[in-house]
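Given below, in the form of structure tokens, are the structures.
The following pair of complexes shares a single chain, chain A, combined with chain B in the former and chain C in the latter.
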Partner chain A sequence: MSNAQIEIQLILSLVAVACALPGVFLVLRKMALISDAISHSILPGIVVGFFITHDLASPLLILMATLTGVLTVVLVEYIQKTGLVKEDTAIGLVFPSLFSLGVILIARNAGDVHLDVDAVLLGEVAFAPFDRWMYNGMDMGPKSLWMMGGILTMTITLLSLFYKELKVATFDAGLAASLGFAPMAIHYGLMTVSSVTTVGAFDAIGAILVVAFMIVPAACVYLLTNNLKKLLIFSSLLGIFASISGYWLAHAMDTSIAGTIATVLGLIFFLVYLFAPNRGYISQWYKEKQQKTEVALLVFLLHLANHEDEMERNSNHLQEHINWSHQLARKVLKLANQNNMIEIENEIISLTPKGLEFTEQAISYITDNKNSELEGIKQNYFLFRG
Partner chain B sequence: MLMALVACKPSVKKENSKFTVVTTTTMITDLVKVLGGDAIEVKGIMGAGVDPHLYKASEGDVTKLSSADLIIYNGLHLEGKLVDVFEKMNQIGKETIALGDFLAHDQIINSELFASSHDPHIWFSINNWQTITEKLMLSLIKADPENTAIYQKNGKSYLEELETLKIEMNTIITTLPKEKRILVTAHDAFSYFGKEFGFEVVGLQGLSTATEAGVKDVQRISEFIITNKIKAIFVESSVPKRTVEALQASVQSKGHQVNIGGQLFSDALGDPLKETGKYIGMYRYNVNTIVHALK
Partner chain C sequence: MEQKIAISIDDLTVAYNYKPVLWDIDLQIPEGVLMAIVGPNGAGKSTLLKSVLDIIKPLAGSVTVYGKPYKKQRHLVAYVPQKGSVDWDFPTTALDVVMMGTYGALGWIKRPGQAQKKQALEALEKVGMLPFQNRQISQLSGGQQQRIFLARALVQNAAIYFMDEPFQGVDATTEKAIIQILKELRKAGKTVIVVHHDLQTVPEYFDWVTFLNVKKIATGPVAQIFNDDNLTKTYGINYKTSIVE
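The block that comes next holds the complex of A and B.
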């Protein structure tokens, strides 16, 4: 591994964590797309910066971009606070206006200058190791490493200072206000941090990957846990994992580093979506199937309890009476038998004392409309599940 | 200019390995291949048809750049943010050359509004390309003195080829009456060409890729096409043709006719295996296409 390769992976990991931390709060607050919005809305800042300096490489352009980024989030936050429109609409109202303002400024005043976000701000991580910070002739390492390190330190410091406030303000703004936490200030602060991180990260690694780093790790981990601490820690780890594995995949295929990492993140999300224990697709599908069988069992037990007539309780005629497929009938019969709810004598099915007790309780809960209690008795009575 | 020459101290070469030069655009790759012949290992990072302004790097570029003995790029912000990176590489002991630095001030076209901004499409002036060839040859000799003879020989014969090209192009263009020398293209890439051969050049789109042609621009230019009885307008290999087609439609809606004269190579050469994949072939193709369509 060459020095440049180590440095690239370090920068990527730093950016991944720096983006994942605010990303968790943005995803929770349904503001995830703010980073994408910022990639467009900073254009007028860059244009004005250029009008002042007449120099495309001036750091003032980046500073103006950051300020416009903050302006973007302040406007979004303000519009959203009015309660007249939803979060995504607020974002959609702000960034096209700002971007267009930039385009108009260029078209009217600087049509013959190579002036756009790509030329001025958006970086390429492959070249990051070559843009170094020299101090008194000493090589201090890549500039983006220092910049992202600084931003990450700021984020972690603010996060640990205001963790409790952030947590309450994110999940329950009303409660936060009554506790005296000033949720407005917390939200504006969070959005400002996100905006500074976004612009800094754009400079280091380009736009698309920043959007991916902000959203995907948080969205993945959110399928696995609701715990805020775990969300923050595992989103960061997932970002680092995707960075390093994506980097080596890009190395093997000699392709864009940012593109490959973003693809790896997308694949990880797909896998988590399929296999997550509780909220995943497979687990949801399994649960739904289980619930169907449980409902069928209950219907069957009620049927038995309601009918004294032996004809109605003959195991061979069961499917006609309740209108079931042969398969479902057998499955339900087996489940009831396994749980000792029924006994079968000469093809006549009757409830065991346990089955009778269960059914009676279920009836009383259903008539009293206490559906939640039904879950409880399932836990108490079921030995085997379908 | 001096800066670039001073920066080219002879570099320490690894044993048994060729002098390695990394280049950015296809035009520069072609030039260095011509000058270096077998003496130089040329690694171009941008392929055919790539807009240098929007180039996306691949992982392999990291190794290419780290292992390069010399990096040669266009400069004048053609390669976007990459130019900043190259400029800073000198600090860490990597040698880089910006071809734009080889040109004198009066050889570069400045932005009308911002004196500090320049038109980076310097290769469309054959005179400029000759200056660049000559100075690049000297820089290569300085950086890799062992192969002085090769660079001198290749440089000399290429300068002659460029001179022949210039005469040939002049002959073709003279067949086109002066009042017909108006070139309408997708974006402002041909100012140097226009200056050299007396063409009036109109770009539909500005230099920046963020702005698109405004409705008023399209109206203004279509009026311009009708008043000047321009027969053809042109699309470019590295810019989408949509805007040029819109212009054609606008002229037609006013009851006039304008052809799309063909596709010109602007920010990148064509397929490296064909004639248009070389600077001279590209120039010949562009001029023939333009003159043929405007006659």
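The block that comes next holds the complex of A and C.
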């Protein structure tokens, strides 16, 4: 590995973690789209900052662009508060306008500005090692490495100081307000951190990958854990993993690094979405299927409990009476038999004491909705489990 | 003997987008009552709680808690929001939610430690949820979630408890358990204020009631003012029913 390659992977990993940490909270607050809005609407801030400083890593430029990011949030909330449009519409109104303003500014001043819209959206991390910080003639390393290192340090410091406040304001803003934890201040704090991170990262990796780094790792790990700390740690690790594997994949295919990383992230999400235990698609599908069968079983047992008449309980006429397909009727009959809930004598089905008890308990749960009983049923029977 | 006033609301008007939700409310809540706030949907019941708790800024009027503004009396007040106001898929456990009740006393930046954990476990035990302490909150039933919220308020060890519809969507056992705890709080001299929907249970559960429908209709002891006349004024329908025993 060359020095430049190591530097690129380091920058990518720093950006990944710096984005994943605020990203977790954006996802939990159902504000994922805001990161998309910020990543675009900072453009006019960057352009104006660049006119003044002629340096993409200048603190003044970062400050101006960050203010544009926060302005986006303020505008979105202001428009939303009028009650004339919904939040998603407000986002859609604000960021294209600000972004277009940036595009116009670049086009009008194309001669003076070494900035183009493609670079803002897609970035080019491969060039990041060339823009170096020289201090007293000494090479201190790539500028973006320092910048992202600084932003990440700030994020981690703020997060460890205000973890408790951020958690309670995200989970229950009403409680946070009544306890005096100023949820609005925390909200704007988070928005400012997200904006600074986006501004710091766009030059190296582009606005699109910033959004991917903020949202995708958090969305993946959210399906896998029930613990906020683990969500933060594993989202960061997942971002690093996608960065490094995406980098080498792009290297092998000789294609865009940012594009490949975003694709890798997308693929990882797809896999998690399918295979996550409990919350994944397959597991949900299986659970629903299981529940359908269980409800069918209960209907069947109820039918048996309600009818004395042997005609109604003949195993060969079952489907006509309950109006089920042959297949479903067989399946339910087999299931009930396996669990010793019914017995069949001369093709006449009757409930066993166990079957009767189960039916009564299940009905009493459904009608009373008493949770204490539900706990018992969950332990004794597979129905309603999970 | 003159009863102390826990909460005093004077000329309170609250508006959303310039549409008044609460109009010129004057309300004195004596210390040590277990009070229901009743009124139709949109009467401003939750808004009244939120304006007392400084979550909503009023258009006019003022609220004091034991004679001082709420901001100076936060430690005296615990709040249980509506269960539906939070996202129960949030990645956290029952114990952790109850711990949040200790955050107010901790203040900014300081992290909860063993002492706070012990308080939270005690509160969980009080509401019968100790066995579920490590359960993810989405895995709890509606009644269990409400008990967790109650435990979180108990941890605050406040003098005044505000609860927004604590019986919404809970099972009968939980409802009994919750009202039992609320009655114990009153016995201990605390003031408990509950937004309540089920008119039938008002005489059984509460000793004080406020009728609210944008304006305050009436407030006082249940035995004296919970009658057809006030119900009719509040709900606008003729209450010639037998719901009051």
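Observations on the structure shown:
Assume the second predicted complex is superposed on the first by the 302 of 386 C-alpha atoms of A that agree within 3 Å, B and C clash if a C-alpha of one lies under 4 Å from a C-alpha of the other, contacts with A are read in each partner's own complex, and residues count from 1 in each chain.
By our rule, a residue touches a chain if its C-beta (ideal position, glycine included) is under 8 Å from a C-beta of that chain, and two chains touch if they have at least 3 such contacts.
None of the values given here were measured: they were computed from a predicted structure.
In the superposed model, A:Ala107 makes contact with chain B only, not with chain C.
In the superposition on chain A, contact is made by A:Met134 with chain B only, not with chain C.
Of the two partner chains placed by superposition, A:Ile156 touches none, neither chain B nor chain C.
Once chain A of one complex is fitted onto chain A of the other, the partner contacts of A:Leu328 are absent, as it touches neither chain B nor chain C. Look at A:Val74: by the touch rule set out above, it reaches neither chain B nor chain C.
Shared-chain residue A:Ile244: touches no atom of chain B or chain C. In the superposed model, A:Leu93 makes contact with neither chain B nor chain C.
Counting residues of chain A touched by each partner, chain B versus chain C, the larger count belongs to B.
Of the two partner chains placed around the shared chain by superposition, chain B is the only one that A:Leu56 touches, whereas chain C remains out of contact.
The interface of chain A with chain B does not overlap its interface with chain C at any residue.
Across the complex, chain A is touched by residues 53-54, 56-63, 65-66, 77-78, 80-85, 88-89, 91-92, 94, 111-117, 119-120, 188, 206-212, 214 of chain B.
Residues of chain A that touch chain C in their complex: 28, 30, 83, 161-165, 167-168, 170-172, 174-175, 177-181, 222, 225-228, 230-231, 368-372, 374.
Only residues 2, 4-5, 8, 43, 50, 54-57, 102-103, 106-107, 109-124, 126-127, 129-132, 134, 139, 247, 250-251, 253-257, 259-260 of chain A touch chain B when the two sit together in their complex.
Listing the residues of chain C that touch chain A in their complex gives 17, 50, 53-55, 71, 74, 77, 79, 81, 85-87, 90-93, 97, 100, 103-104, 106, 108-112, 136, 141, 143-144, 152, 171-174.
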